[in-house]
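In what follows, chain A forms one complex with chain B and a second complex with chain C.
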Partner chain A sequence: MKLPTGVHFDNYEADHAWWKTRFVWIRMVLLLFVLLWVIPQFVGDYWLSFLNMVGYTILGAAGVQLLIGYTGLITLGHAAPIGFGAFACALSMYLFNIPYLLSFLIGMIAAGLLSLLFGLPCVRVKGFYLIMTTMAMQFITVDVILTQFLGPLAGKGRGGVLAIEPGMFSIGPWVIYSVKDAYIWMIIICIIVQVFMANLMRTRVGRAWMAIRDNDIAAEALGVNIVYYKLLAFFIAGALGGVAGCYWLTNLSIVSPEHFMFPWSLWLVGVILIGGVGSLYGHIFGAIFMTGVLEVVKLVLVPLADIIPGTMEKFLYIKDLVFGLAIILFLIFEPNGISYRWWQIKNYIHLWPFSY
Partner chain B sequence: MEWKREELRVEKEIGEPILVVENAMKAFGGLQALNNISFEVRRGEILSIIGPNGAGKSVMLNCINGLPGYRLDSGRIVFDGQDITNWPPHKRAHIGISRTFQKIELFGGMTVLDNVKLGRHMKMNTGWWDGGIYWGKAVKEEAKHRKWIEEKVFETCEIEIYRNRITGMLPYGVQKRIELARALAMGPRLLLLDEPMAGLNLEEVEDMTRFILDANEEKEWNCTIILVEHDMGVVMDISDRVIVFDWGAKIADGPPEEVQNKPEVIRAYLGEVEETYITRR
Partner chain C sequence: MVHFTEIVITGLLVGGIYAAIALGWAIIFKTSGVINLATGELTMIGGYTCFALYSFGLPFIAALLGMLVIAILVGILTERLWLRPMIGEPVLSVIMVTVGISFAYKAIVALIWGADTRVFSPPVFPLEPLMLGPIHISQVFLYSFLVAGIMMAVLIYFFQRTRTGLAMQATADDEMAARSMGIPASSVYRWTWIIAFMSCGIAGALLGNINGLNISISYLGLLVLPAVVIGGMNSIPGAVAGGLIIGVLENLGDAYISPFFPGGVKTTFPFLVMLIIMLWKPYGFWGWIKIERM
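Coming up: the complex of A and B.
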């Protein structure tokens, strides 16, 4: 909470605002301009689709951040609501011809309800046992419900793959067709999700979640209904997963249970661990880093292939190796995640040239 | 500003019982932590519960508060005419029971302001949708409660300067004050204080005593207080009535001066020391 000298407020509303100075306002508007105009204008399709992948990871990790980072409910099955949301959206478009935005909403609510259903054990169990129930959610939903029941509903294809015609994703007159469209839609959704989460965390509900995370006995003595808020966390995290799933469907216009396997759940947990647990920037930095490392590895290895024979054949192993190394190094040198380092850098710049 | 403080105070009058505990029994395994305890707390008074370590004072407080694992085996707890024996803690909080803990139970990773705002949790009603869009209602409510907290709670407990600090990094004495502030923010009718003076230095004890008296006597708070405390000086000075526990049983109940001179109480506190020496001799 550091403000430049001379900045003061006359009312509490102004003190509660996110962006308090004109400098920050200008910075954020510039950022928005860069994200929505400069990048789609000057960046090629390959890197746009890379950014789409980053956006998908951000959306997926947002729900994990809410559950693990803010409510303290460790989940290893967040790919389940993502997949379920994607399938619900796809099926309602495919079978019932429901318009895209409405299907999006259906996907969100379906994913939220699924997450809520499998979150019910949290009333009685905690910690490791809750992890087991979330893993059960992963395996029951993706390996059974999606492959055996929801996938075949479309009546075509094999292995539960569902394809939607790309032209069907339309919001009013705007058809989300090209990579650039998907990119702009991704930025819009990410901003909405991020603003929603940020607002939740500074009002009553978010504070109740953080109270449960930090000290559930004291929270209950303060009048927080723990059961209700834990279930609410599962519902909203699931709905955010649904958003991610629906976006994934929009981006690929194809959806398969194979996209939502257990490693993806673990990946999302890794994203927030590296980005920073319990921080609103955590899942963004984590997603950029985790997706970016792959690209960096690729950029380094492809030129090397001419010099060292066999590099391309071993690409997958090297990729995994770099990943493992990155995670270990992060846990050793920056256990609080990238967002903590970001906060330190920001503080340093704000206070420069003094140290405090 | 002394005159102003006086103006804020209510004429202290002790009314009808607000909390009644009847034949409370609680055992942990083979240990009878509460053995047939009955007492009542009257509106507006400061009731102190004292006794040696392990006498069941904190257990009694936890039972009144209804923490998990602290449901009475038998007996009744009646608050303001309602039988709350089997209520969950958050429901008890809603009818006006608030507490501080012996071991500080603040939310260490959050700011002081957020901690106190959490105390305000049940007086607010922003839901997840209103909070998420943060428009109109939620903004107004946040500002309204912030104003209230700044003007009443922070003013009473004198923690304004810490409002944006991370709670876990503050000194112990300040954390004790924040805990009291958080309990007061709930606007309680009955305030349970579990050793608020433990680990404080003399000056901090004086401050804390003043805050407790403010909570009891100022118009804004006007709380009935149950105080569990080992600092006999404070207990004898500020309580209206003192209850003494020993081995889970109530052995004395009355005004401080009377309790102080009871032989059972002296024996409970000093143990059977004298007799031991007698047999040795």
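Coming up: the complex of A and C.
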């Protein structure tokens, strides 16, 4: 940890603080001010909904980051707890008229339990076989449970689409109705999730996870109960997925199993790989980059569609092509992800002009 | 009983095609340790190139051979461009490279041929079913099974008798030892990708004859995973057997279990069986049991 000359601490609390100097404090408060006041004030609805999409990707990728980046359990089915959480939240609001915040909690816990259930084989298997279990979770949950059992519970619509009246998302007197409200709610959830994850990694649990990631046999020999901690990782990652799902429901006020298909799971893994595996900023950078790249593709293709007919129909494929190439090229040329680059840039600025 | 026999036989015949795909997957995993999630795209590329050559006016056999040539080229390119730089990288990175390949190749195929279902016309194989006593067998399935079987026999001969095939076996067994005996690992990897492309491509062309070609054919790349898990990942005969088992299971599940579920379970049933088998025999029926030591 690098500190400016002359900064020293008298107690451990100050030494362990996240924001150590007044400069960092001012910077972070300014960032919060920009996120919570300036952006909703001056940015139009279109770009706010773009930011909501970024926020949803961040929330979804947070669970993947926890599993892959911190515990070393590779998951290719994280869209399943996200979808399950969203459906649990929607159904408890729709069928039982449970207030929003309580449904949010129910969604979180349901998603966590689902993830825990399918994480159970990790007691016996790991590596490739665990990947297969998570893929089985994806297909069994989304293609069977959500599409065929939970979706039709609402009693109308085909293919399991659930719609909630937009006015029902209320926290006390605050009703989440417009894009701006959804944006502010997104920022609040993202901050809570980030703070939770950052602090979790500094506790015994987080250190045990990292020990399992680095060498699970050694960790077990040193007294880490790896079954308990792996299952805990599955539960907490699933609950974070549930948060993402509930936010998705709040943002769109509609959920469908089609939102949580296998490509979305792969997309989330791609996001953390591009952003940086095992970094607290990794999923944030990855989400901003990937959603931003898509937006750029869209901005380029829309004017092109006037010149070359049929471009818009092919948007989906061009999007996939860009995503695939982005993953491949990042993994070949920058395997450490954007957050490593960010760390280098920060170091360069910190140490300038004497970078040795 | 007749119905049941028909289902099992059709399942076995379709399973022959799955076995060809599973073989393509297992050969890559066995030699280079790459978990290939782009198998479905290899199938798709083979199917579409064969379709393009066939609708260009070539006879089917010539189209199949032309497809093999293209498969060799694409295989070499894929290995050289995307997989060679990843040697020695962590498992997840290599998996995600194949995921990237799968997204990109699927998009390229869709950009060239569009998303509509394409059918081989005129049909390559006769449409009338073959009668064996009371049992009906569709000729397409039968000939597809034969072609897939011939291809697998040729590949097995290749592995057992030719120098390159033996080099591949040696690399699969112990890469370090094989290298020190003078086997160039990079050329072995190139061969694995060529063979995977050829085997999956033939399977794709045959499947195109059965159901027509569309984008969702790449789903088969995922269906192959239960097959290799059941068979055991390090075993090529296991992969073939797993493919046959998956074909039968899929058909049985579709016939006897789907009526009880609103949307059918044809696609999910193999995964469910795989999950149960994994709890009971985690390394499949013929896989190597790995013992970890510090």
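In this text, the second predicted complex is superposed on the first by the 341 of 356 C-alpha atoms of A that agree within 3 Å, B and C clash if a C-alpha of one lies under 4 Å from a C-alpha of the other, contacts with A are read in each partner's own complex, and residues count from 1 in each chain.
As a working rule, contacts are C-beta pairs under 8 Å (C-beta built on N, C-alpha and C of every residue); 3 or more make two chains touch, one makes a residue touch a chain.
This is a predicted model, so every value here is computed, not measured.
Overlay on chain A: chain B and chain C fit together in the combined arrangement. Once the two complexes are laid over each other on the shared chain, residue contacts for A:V302 go to neither chain B nor chain C. In the superposition on chain A, no contact is made by A:I26 with either chain B or chain C. When the two complexes are overlaid on their common chain A, residue A:V269 makes contact with chain C while staying clear of chain B. The partner of chain A that touches more of its residues, comparing chain B with chain C, is C. Once the two complexes are overlaid on the shared chain, A:A218 sits against chain B and chain C alike. Once chain A of one complex is fitted onto chain A of the other, the partner contacts of A:G278 are limited to chain B, with no touch recorded for chain C. Seen from the CA centre of chain A, the centres of chain B and chain C span an angle of about 80°, rounded to a multiple of 10. Closest C-alpha contact of chain B with chain C, superposed model: 8 Å. Once both structures are placed on chain A, chain A residues 217-218, 221 are touched by chain B and, in the other complex, by chain C.
Of all the residues in chain A, the ones that touch chain B in their complex are 1, 11-13, 15-16, 196-197, 199-200, 202-208, 210-211, 214-215, 217-226, 232, 236, 278.
Chain C makes touch with chain A in their complex at residues 35, 82, 85-86, 89, 91-93, 95-97, 99-108, 110-111, 222, 225-226, 229, 233, 261-263, 265, 267-268, 271-272, 274-275, 278-279, 282, 292, 294.
Chain B meets chain A in the complex at residues 65, 67-68, 88-90, 93-94, 98-99, 101, 105-111, 114, 117-119, 121-122, 124-128, 130-134, 138-139, 142-143, 146-147, 150, 164, 182, 186. Looking at the complex, you find that chain A touches chain C at residues 68, 74, 121, 124-125, 127-129, 131-133, 135-136, 139-140, 143-144, 147-148, 152, 217-218, 221, 262-263, 266, 269-270, 273, 277, 314, 317-321, 323-328, 331-332, 335.
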